[in-house]
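Structure incoming, see below.
Chain IDs A, B, C, D, E and F follow the sequence of writing; residue 1 opens each chain.
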Amino acid sequence: MRFDEAYSGKVFIMSRPAYEDADAIIYGMPMDWTVSFRPGSRFGPNRIREASIGLEEYSPYLDRHLEEVNYFDAGDIPLPFGNAERSLEMIRDYIRQIVAKDKFPLGLGGEHLVSWPVLEVMFEKYPDMAVIHIDAHADLRVEYEGEVLSHSTPIRKVCENYGAENVFSFGIRSGMREEFQYAKDSGMYMARYEVAKPLAEVLPKLAGRPVYVTIDIDVLDPAFAPGTGTAEAGGISSKELLEAIHLIAGSDVKVVGADIVEVAPVYDPTEKTPIAASKFVREILLGWVKK
Amino acid sequence: MRFDEAYSGKVFIMSRPAYEDADAIIYGMPMDWTVSFRPGSRFGPNRIREASIGLEEYSPYLDRHLEEVNYFDAGDIPLPFGNAERSLEMIRDYIRQIVAKDKFPLGLGGEHLVSWPVLEVMFEKYPDMAVIHIDAHADLRVEYEGEVLSHSTPIRKVCENYGAENVFSFGIRSGMREEFQYAKDSGMYMARYEVAKPLAEVLPKLAGRPVYVTIDIDVLDPAFAPGTGTAEAGGISSKELLEAIHLIAGSDVKVVGADIVEVAPVYDPTEKTPIAASKFVREILLGWVKK
Amino acid sequence: MRFDEAYSGKVFIMSRPAYEDADAIIYGMPMDWTVSFRPGSRFGPNRIREASIGLEEYSPYLDRHLEEVNYFDAGDIPLPFGNAERSLEMIRDYIRQIVAKDKFPLGLGGEHLVSWPVLEVMFEKYPDMAVIHIDAHADLRVEYEGEVLSHSTPIRKVCENYGAENVFSFGIRSGMREEFQYAKDSGMYMARYEVAKPLAEVLPKLAGRPVYVTIDIDVLDPAFAPGTGTAEAGGISSKELLEAIHLIAGSDVKVVGADIVEVAPVYDPTEKTPIAASKFVREILLGWVKK
Amino acid sequence: MRFDEAYSGKVFIMSRPAYEDADAIIYGMPMDWTVSFRPGSRFGPNRIREASIGLEEYSPYLDRHLEEVNYFDAGDIPLPFGNAERSLEMIRDYIRQIVAKDKFPLGLGGEHLVSWPVLEVMFEKYPDMAVIHIDAHADLRVEYEGEVLSHSTPIRKVCENYGAENVFSFGIRSGMREEFQYAKDSGMYMARYEVAKPLAEVLPKLAGRPVYVTIDIDVLDPAFAPGTGTAEAGGISSKELLEAIHLIAGSDVKVVGADIVEVAPVYDPTEKTPIAASKFVREILLGWVKK
Amino acid sequence: MRFDEAYSGKVFIMSRPAYEDADAIIYGMPMDWTVSFRPGSRFGPNRIREASIGLEEYSPYLDRHLEEVNYFDAGDIPLPFGNAERSLEMIRDYIRQIVAKDKFPLGLGGEHLVSWPVLEVMFEKYPDMAVIHIDAHADLRVEYEGEVLSHSTPIRKVCENYGAENVFSFGIRSGMREEFQYAKDSGMYMARYEVAKPLAEVLPKLAGRPVYVTIDIDVLDPAFAPGTGTAEAGGISSKELLEAIHLIAGSDVKVVGADIVEVAPVYDPTEKTPIAASKFVREILLGWVKK
Amino acid sequence: MRFDEAYSGKVFIMSRPAYEDADAIIYGMPMDWTVSFRPGSRFGPNRIREASIGLEEYSPYLDRHLEEVNYFDAGDIPLPFGNAERSLEMIRDYIRQIVAKDKFPLGLGGEHLVSWPVLEVMFEKYPDMAVIHIDAHADLRVEYEGEVLSHSTPIRKVCENYGAENVFSFGIRSGMREEFQYAKDSGMYMARYEVAKPLAEVLPKLAGRPVYVTIDIDVLDPAFAPGTGTAEAGGISSKELLEAIHLIAGSDVKVVGADIVEVAPVYDPTEKTPIAASKFVREILLGWVKK
C-alpha cells in the first residue's frame, strides 16, 4: 500500500486487492458541476460503496456469487472541481487505460455528462458498439443554457458522432419537444415510460454486438430513488430495473462496459437510493461481466 | 408591477404576465386549520410552484407545450389564519370572480375542505356539473369532532346539496363504516382502491357534461407522496394518477375546473410530493384547459 | 390504574381496558441487539402505536370495525438491553402466559430473532402448526458472525426443530447461496420475489391447520418501507402485502398468532413505515383474530 | 383504568397515578390554529413527554428527586381543531378545576395564545399576581392579521386587563415598533435580549408575591431549540434558561403556575427541542412546586 | 410587469417595486461550482428570501423599520452553470451597473468566490476602500486543487491586487499554515476565533473610510449555522455576529456594500441557517444603508 | 495491501501507511449494544473519519500540522454484534498490543462502556495513571437495568478498581442522586456543568503524571452535538471543549491515551456532530501525541 492509498477510502464490497488481475474496474466520477437544478451527485459513488456493506454477496436472481467475478474498486477519479472540460479529459484518459487492458469499466456517477467521454473511448475500441440508455430524460439537447457540455446533452452527442441508429433509449418520460422530435427523425430507438418490455423486444436485434449500458438512476420513480438531482414522477420500480438488468444478462449481447449515474444522496435521508444502486451494481457485476 | 406585487412570490413555471388574458388561473388556498392529524398543507401551493422549476415545459404524454396554454398564477388567497368560516367565504368570492370571466380555476391546497366553496360556486355556474373525486378517503362525514366544516366532510356536502348521483369517487381506501354505507345508499359512484380502470369505464357516461375534478394527493401511496397529512398505505402509483389525468384529457367530458390538495411538504424531506404534484399540474394545464 | 401503569405509554388505537377479557394481545418486543447493519427497531412498537392514531377504525377491505374485536395492547416486554439470551427467555415466558389462556398473540418487533421464542411456544401448543414467513431475507443462516442467536437465523431454527416441511416462506429476495440451497434441500417451501400469487396457491393446502404468520416489514420495497434495518431494493408494494393479509383472512387456515417485525423508525423521517405497519396490524386484528 | 384511559397515551416520566392527590397537574394544550408561519406545536406536549424517558429523575442542580414532588400528568385537553374561541373556553374551564383544588397547573403548549385563558383564571384566583414572561417575542400586539385571538397578542391582553405593571418580560428580541413603544409607555417591565441577569435584579422586588411564569421555547436561540414556529436568531442558551429557572426556584416569589409553549417538533429532526423542554419541565417540578 | 418578471420568484420582505428609486439592491449570486466538499449554496439566496417572511420589519436593536430604507430585491443573477470564469464576468458587469448609480450592493451567495468580482468593482469605484472579512476560513490560498478561481482564494486576490494592509479579517479559525503565515507577513490584519471584540478595536482606525463587508455564514458555529458547505466547529454565536453588525452600524466607517455568502440550505433541515441569515440582512439594511 | 485490506474502508485524513512506524493508533469501537435510549454510536467512528475530509491538516490553535505526527488509522475492531462481554474482551486484547509497543491509543466510540477495557489495560501499563473524564453524565452507576456491563457504569468501575482519587470528572450535569453522593464520598474529583475553568485548576496538580482522557461527546450541548444517544440540554460549547483540549496540550501532564465516544450520527442530519468530533481528533493528535 502506497502512502496515498491510505486515503483511498471505502470500496465496493468484496473488491479484490489488485487492479492488474481484475476483469472489471469499478471507478467513481464525482462530478456534478453542470447540474442545473439540484447538485450533489459527486457524493454518489462513495455512498453506493458504503451501502454495499448491507448487501449479500450472492444473487438469488442469477445464482451467482461475487467470488465468481474478479473486480477491483479503484476509487474515484480526482476530477478538478468546477472544470467540466478538464474533468472529461481526465475521464477519457482513465478509461483508455482500462479498456487498453480489456477490462470492463463499471462507472459510478456523478452527473450524466460523465458518460460522454467514456462512450467516446468505448466507440474507439468497439466501432460497431450499440448504446443502451436507460433514463427518465432524453438527454438529447444540443446545449443547455448555452453550454454544450451539460448533463442534458450526452446522448445527442453520441447520436451525432457515432450514429443515432446505434442508440437505444428506454424509460424516457421527460424532455423538450425538440428532443422527442429528434428521436423520431434521427433514426435512434426510443421507448417511452417503460423499460423491461421494450428491452425484451430490442435485445434480440442486438445479438452478438458489443453493447455499453448507461443507467440514469432517475429512470426509477422518486418513490424508489428520491436521491437524484432531477427526480421525475411517473417512473419505473426497482423491480422493473432489476428485470431489465437480468434481461440483458440473459441475452446474446456482449456488454463491454456500463455506468450508473446521478445518485445524489443528500436528497434522500432514507438512503434507499444508494441502497438500490448498490444492488444494481452487484447484479451488473454478476450478470454482465464475463471472462 | 404594483407595490404589493413585490411580495407575490414565486409562480408556477411559465405563468403568463396578465390575469386578464389568461384562460386558466392557478391560485393557492393555503389553509389547514381543520386538519386533525398532521397540519402543514398551507405550505403546499408554494412548494408546488417551487418544484415546477425542475419541470420540462413540454409533455411527451400529450405532445403539448406550456406555451400553448395561456394561464396566470395569481398567488395564494390571503386566508385568515385559524378562521375556517371566513376562509371559505373568501375562497367563494375569489372563485366567483374567476368563473365570471369564464376562466378555468386550477386550485392548489391546502386541506380538502377548500374544495367545498369552490364546488358551490362551480355548481352555481354549471348546474348540470359532475364531480370527479380522486382520493384515499371518502370525505363523506357529516361532521368531524363536532365540526361540520372539516377536511373530512366536503364530498358529503356536495352529495347533499347537489345530488349524490353527480359525484364519482375513485381510489377510496379509508373511511368510517357510515361513509361507505352512505356511498352505497345515496346513489353516488364509488370505486375502491383503483383509479384508472374504473375511470375508463365511467368517463363515457359523462360525455359532454361539465366536470370538476378534485384530486387529494393522498390517493397516491405514501411511497409516492409521503408529504401529506393523512398518509394511508395501499395507494396507487404516480404512473396510475398520470394515466387517470390523461384518460380525462382524452375523453369527451368538458373539464371546467380542478384542484390538487393536501400537499404538506414538511413531512417529505425528499420533496418528491411537490415534485409529483407540479407534474400533475402541468399535465392538467396541457390536457384539460381548452379554449 | 396501578402506579406503574402510568408509565405504560401509548397503546394501539381502541385497545380495550382489560387483559383478561381480550381475545388478542398486542405486545412489543423492543429488541435490536443482534442487528448488524442499522439498529433501531427497538423503537418500532411504539411508533406503530403512535401511527395508529391516524387510522380509521373501520376497514373497507374486510367490512369490519375494531369494535368487533376484543384486544388489549399490553405495552412492551421490558427486555434487558444488550442481552439476547435473557431477552428471548423473557419473551418465551410472556407468550406462554398469553397462549395458556387461548389468546391470540400479536407481536410488534424488534428484530426478527424475537419471533424464534414465540414460535417455540406456539409449537408447544400447536404441534401441527405451519409457519407462513413473509420477508425479503431467507433468515436461514446457521449462525451470523459467529452468533447462533441472530436476526438472520430464526427460520433455520424453526426448520431444524419443527420440520422444514412446516415452513412456507414468501417474497424472499436476499440470502447466502447456502440458505437458498438449504431451502431447496430441506423440503421447506420458498417463493421468491412475490407474495400474493404464490400464497393464493399455497393456502388451500394448509386448510384447517393452525398457522402462525411472521411478517418482516422489509418484504416491502424500500419505497414503501424505508424505515427498516436491512432495506433491500426490489420488494413488493403495500398493496400486495394488504392483498396477502386478506387472502389469509379469507382462507380456511386457522391463524393462531402473528407478528410484524423490523420497523426501525429512525431511518424514515416521513413516518410512512410505521403508518403502513399500523394499517397491517388493523387488518390482522380484523381479519385473523376470530372468536 | 377506565375504558378511555386506555387512549390516554404517554405521560411525563414518574407521573403519579391519581389526579386527586397530586400537588401539580401537567396538562397539554395541543393548539396551533392561530399560528401564521409554521404550525405544528400541537404535537409539542406529547413529544415533551416522550423525551422525558431519557431524563434522570434526579436534578444535581437542585439536589432534588422527582419522588419528592407529587404530580399527575393528565394528558392533553381535547381541543376542537380550528376553533380558537371554543379552545380557549375549554382551557379556562379546565384550569378553573385545577386551581379550585389549589393544585399547581403546569401547561405544555401549543401556541402561546393558550396562556391567555390560563392567566385569566390565575388572576381570578390571585388578584395580586405578577407574570414573568420569557420569550423572544413581545406578544404585545392588539391584533394579528385582523384577529384579536392570536399567538401574538396574549401579553397585551394581560397588560390591558390586569395591569401592565404586573407584567415582567425577559429575553425579548422581536416585535413591531408599536409593541416596544407600548412596553415603554404602559409601565410594564421589559428586558431585551437577556434573561438571567435582569431576572436576578427583578426577583427581589417580587418577593412574597404569587407569580405565574410563561416560557416560550423560542427565547432560546434556534441553535438550542430549532423546533418552534417562529425561530428567531440571536437568542439565549439552554444553560441561561436553566439558570433562570433556578434563580426563580431560589427566590422568595411564590410560583403558582407555569407553562412552556411553542415546541413544534416537526421542524427539529434532531429532537433536541423536546429533549431540552422536558428537562425544563423537570426543573420546574423540582424547583417551583412547593407544598 | 414584463413577461419574464413572472419568473422572478420571491423577494426579500418589503422589497420596493422599483430598481430605479432604490438606495440598495439585494441580488443573489447562486454559484457553487468551485466548492470542494459540499455544494448547495446556489440555493442560498432564495431560501434567505423565503425565510424573511418570518421576520418582523422592525429592529429593536437599531430602533429602525424597513420602511425607512428604500431597497429593491432584483432576484438572482442568471449565472451559467459550471462556468466559473463567465459567472465572475457577469457578476462584475452587474455590480458595475449598481455602483454606477451609487446604489448599495447587498449580495447573497453562493460560494465565497463570488465576492471577488464584486470587490474588484468596488475598488475601482473606491480606491481607498477597506475590506472587513468575517469568516471561519482565511481564504488566502493562492490556488485550490490547481484552480486559481476557487472559494478558498478570494481574500488572497484582494491582498495581492489592492494591498494587504486594506484587509481586516475576523473570526478566522481554519486554513493552511501558509495562509496564516501570509497573514503575518503581508501586513493584513487577522483576528482569530473572535469577531466582536477585535472589531471594536479596529473600527475607530477605519473611521471615515469606505468599507465593504463580506460575511461568510460559516463564521458561526455549526450549532447556529449548520447549513453551509464547510462547517467548522468552534465558531461564534448568532448573538456575536449581530453584535458585530451593530458595532459597524454605530461606527464612523462608511459602508459602501456588503454580502452574506455560503448559505447552503440542504444541509439544514431545521432551516435555522437561512432564518439567521435573513435577520442579518435586515440588520444590514437598517444599520448600514444610509442615504 | 492484503486481500481483506480492501475492505478496510475510509481512514482519518492523512493516516500514515504503516502501523509499525506509527506513534499513535486511531481505532474504532463500533459497539452500542448496552445503550438504552437511542443506539447508533456504532456508526460513529466511520462518520468521524468521513468528516475528516473537510478538515484542514493544519491547526492555527496549536501551530502544528498533521505531517508532524505519525499516526495510523487501523479501522474498526470487528466486535461481535450484541455480545458485550466478548466485545470488551476483544478491545482489551487489541489495546494490549498497541500499548505493548508504546503507541498512543486514540479510540473512537461507540458507547462509553468501551472505555472500560481500554482503561483496564492502561492501568496495567501505567499504575500511577490519572483519568480525565469529560462528560454530561456521571457514569457512576453500579449497574443499569440489572446489567453491570452498561454505558452508565464505566467510571464507577474505574473508581472501584483503580482508586476514586485518580478520577477527575468535568462537565457532569446528569446522574442519579446515588452517583453524585458517591462522587462526594469516594474521594474522586467532580466538576459540575463546566469544563475549561475547573480543568485549568486541576491540571497543575497532575503535572508529570500519565493521564488518560475520555471524552463523551454529549458533554457538548445538543446545539453543538445532537448526534448522540443521550443528549442532555445545558451543556458546553464546541469552543469550550477545544479550549479544554488545548489546556491539556499546554499542561505538564503526559497524555498516554484518549478516546471520543458516543457519536451517533443518525440523530444528526446536519452532520455537525461528526464534523466537530473530527476536529477534536485532529487537535488531540496535534496537541497530545508527543514523541
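The rule we apply is simple: contacts are C-beta pairs under 8 Å (C-beta built on N, C-alpha and C of every residue); 3 or more make two chains touch, one makes a residue touch a chain.
Which chain is which protein? Per UniProt: A, B, C, D, E, F = Agmatinase.
Please read these numbers as outputs of a predicted model, since none were measured by experiment.
Q: Over the chains that touch one another, what is the least number of steps taking chain B to chain F?
A: When the steps are counted carefully, the minimum from chain B to chain F is 2.
Q: Looking at where chain C touches chain F, is over half of the residue numbers used by both copies, so same, or under half, so different?
A: Homomeric contact, same residues on both sides for the most part.
Q: With residue numbering as the guide, point to the option in C-F, A-C or E-F that repeats B-D in over half of the contact pairs.
A: Most of the contact pairs in B-D are shared with C-F.
Q: Just the number, please: Cα centre separation of chain A and chain B in whole Å.
A: 38
Q: Could you state the distance in Å from the CA-based centre of chain A to that of chain F?
A: Roughly 42 Å separates the two chain centres.
Q: How far is the middle of chain C from the middle of chain E, if each middle is the mean of its Cα atoms, in Å?
A: 55
Q: Multi-chain contacts in chain D: which residues touch at least two other chains?
A: If we look for residues of chain D contacting two or more partner chains, we find 38, 221, 223-224, 267, 269-270.
Q: If we count contacts the way the header does, which residues on chain D are in touch with chain B in the complex?
A: 32-36, 38-40, 42, 80-84, 144-147, 149-150, 266-267, 269
Q: So in the complex, the part of chain D that touches chain F is made up of which residues?
A: So the residues of chain D touching chain F come out as 53-54, 56-58, 60-61, 63, 65, 221, 223-224, 237-239, 242, 269-272, 275-276, 279-280.
Q: List the residues on chain C that touch chain A in their complex, please.
A: Listed in rising order, the residues are 37-38, 172-177, 180, 192-193, 221-224, 226-227, 230-235, 267-270.
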